[in-house]
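The structures considered in this document are given below.
After this come two complexes, each holding chain A, first together with chain B and then together with chain C.
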Partner chain A sequence: MIAKVYITLKNGVLDPQGQAVQKSLHLMGFQGLSSVRLGKYIEVCFEDSISKEKAKEELKSMCEKLLANTVIEDYRIELP
Partner chain B sequence: MIAKVYITLKNGVLDPQGQAVQKSLHLMGFQGLSSVRLGKYIEVCFEDSISKEKAKEELKSMCEKLLANTVIEDYRIELP
Partner chain C sequence: MKWGVVVFPGSNCDQDCVYVLKNIFHQDVETQWHEERTLGKVDAVILPGGFSYGDYLRSGAMAAVSPIMQDVIRFAKCGGLVVGICNGFQILTECELLPGVLLRNASLKFRCEDVSLALSTSREPWQKRFSGKKTVSYPIAHMDGNYFIDNEGLKELQDQDQILFRYVQNPNGSIDRIAGICNAKGNVIGLMPHPERACERILGGEDGKLFFESLL
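Right, the complex of A and B next:
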């Protein structure tokens, strides 16, 4: 089972990396962008013996403890 | 309009960063993971004057030219 985790900066937290990308895109001639924000996308593959409920619980714990910095980042978990 | 872009390593391309995360999770006591792969998640916000078709076309071009390294990475575009 492949779970997907999306980690994004919270609203209001500055994203200099995103701003740099936006500036580059603008310089390359892409018009009409109002903002670009970067985040992380993580695919976690569980062995088949793990149930969906157990996986969800573990993923939440992983995000809180390692994958996301919950002070400045939000996370979203997607299970198939 | 907010478009979402997912950038992932192609199958077969080694992901040392993902392996490091997997190892850390294992050491922290999370069992039953068969793989962890990291990618990027980008939110691109277009001004309202841009049509969906135009945005899709521009995003494709952005990915090919700047956002993704198409030699080793795949990209997926999601429009609302």
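Right, the complex of A and C next:
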């Protein structure tokens, strides 16, 4: 089972990388962008013996303890 | 005093700290590998600069969960002196011994230069040690030194006199020009500039000695 974890910056946290990407997109001629924000996408593969419930619980703990810094980041977990 | 300098894979300022403490301040120093589970008998711990775990995921994130950090956290909570320099500061925020977080520099550039810092705290012995100097010059060398904390947290730092150093000119976008802070108790200290690289005239200056003298 492959779980998908999306880590995104919280609203209000400045994202200079996103701003730089937005600027480049603008210079390339893409119009009408109000903001671009970068995040992380992480795939975590569980062995078959792990239940969906257990995986969800474990992923939450992983995000809180390591994958995300909850001072500045939100996380979202997707399970199949 | 007996000092422990923790070495993570990718640390690169550990030997600078050992050299300064041993050769300039004649302290007892040993290095500790991050996989060890206990610090042993030490009076103070330094988390040195560098790029622990290649800065993967977030600077300092993986070092913050390495085995020895459990004991560093215990040591700090018992009032032990813990100092994080550069990557060490990032590790201290990641393991929540210090509040806030160090984001990518606002300029998106790696900044490697000497900066002027002003002592911002009225805590002792800092005030006394730095009293003769309006500003000090320390080198910085970092990509993720942009200190960020929410407004509530910033107010707490200000109200509790926890901001140790501010940049005279902000090199990285840090909120309130913060270069270094301590916890409320004052026994956990983190800063982005490198005082250990400024302790001998041959290296361009001796202002860094004031920092270490404030810890001894």
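In the analysis below, the second predicted complex is superposed on the first by the 80 of 80 C-alpha atoms of A that agree within 3 Å, B and C clash if a C-alpha of one lies under 4 Å from a C-alpha of the other, contacts with A are read in each partner's own complex, and residues count from 1 in each chain.
As a working rule, a contact is a pair of C-beta atoms (placed from the backbone, for glycine too) under 8 Å apart; a residue touches a chain by one contact, two chains touch by 3 or more.
Here the structure is a predicted model, which means the values were calculated and not measured.
Undergrad: Of the two partners chain B and chain C, which one touches more residues belonging to chain A?
TA: Partner touching more chain A residues in the overlay: B.
Undergrad: Could you look at A:Phe30 and tell me whether it touches chain B, chain C, both or neither (first, second, both, neither)?
TA: First partner only.
Undergrad: Touching A:Ala20 in the superposition: chain B (first), chain C (second), both, neither?
TA: In the superposed model, A:Ala20 contacts chain C only, not chain B.
Undergrad: Where does A:Leu67 make contact in the superposed view: on chain B (first), on chain C (second), on both, or on neither?
TA: both
Undergrad: Looking at the overlay, does A:Glu43 come into contact with chain B only (first), chain C only (second), both, or neither?
TA: first
Undergrad: Give me the intersection of chain A's contacts with chain B and its contacts with chain C, in residue numbers.
TA: 65-67
Undergrad: In their shared complex, at which residues does chain A touch chain C?
TA: 13-14, 16-17, 20, 65-67, 69, 71-72
Undergrad: Would you pull the chain B residues touching chain A in the complex into a rising list?
TA: Chain B reaches chain A through residues 6-8, 18, 21, 24-25, 28, 30, 32-47, 49-50, 58, 61-62, 65-67.
Undergrad: Quick one: which bits of chain C touch chain A in the complex? Just the residue numbers, please.
TA: Residues 57-58, 61-62, 65, 93-94, 100-101, 103-108, 148-150, 173 of chain C touch chain A in their complex.
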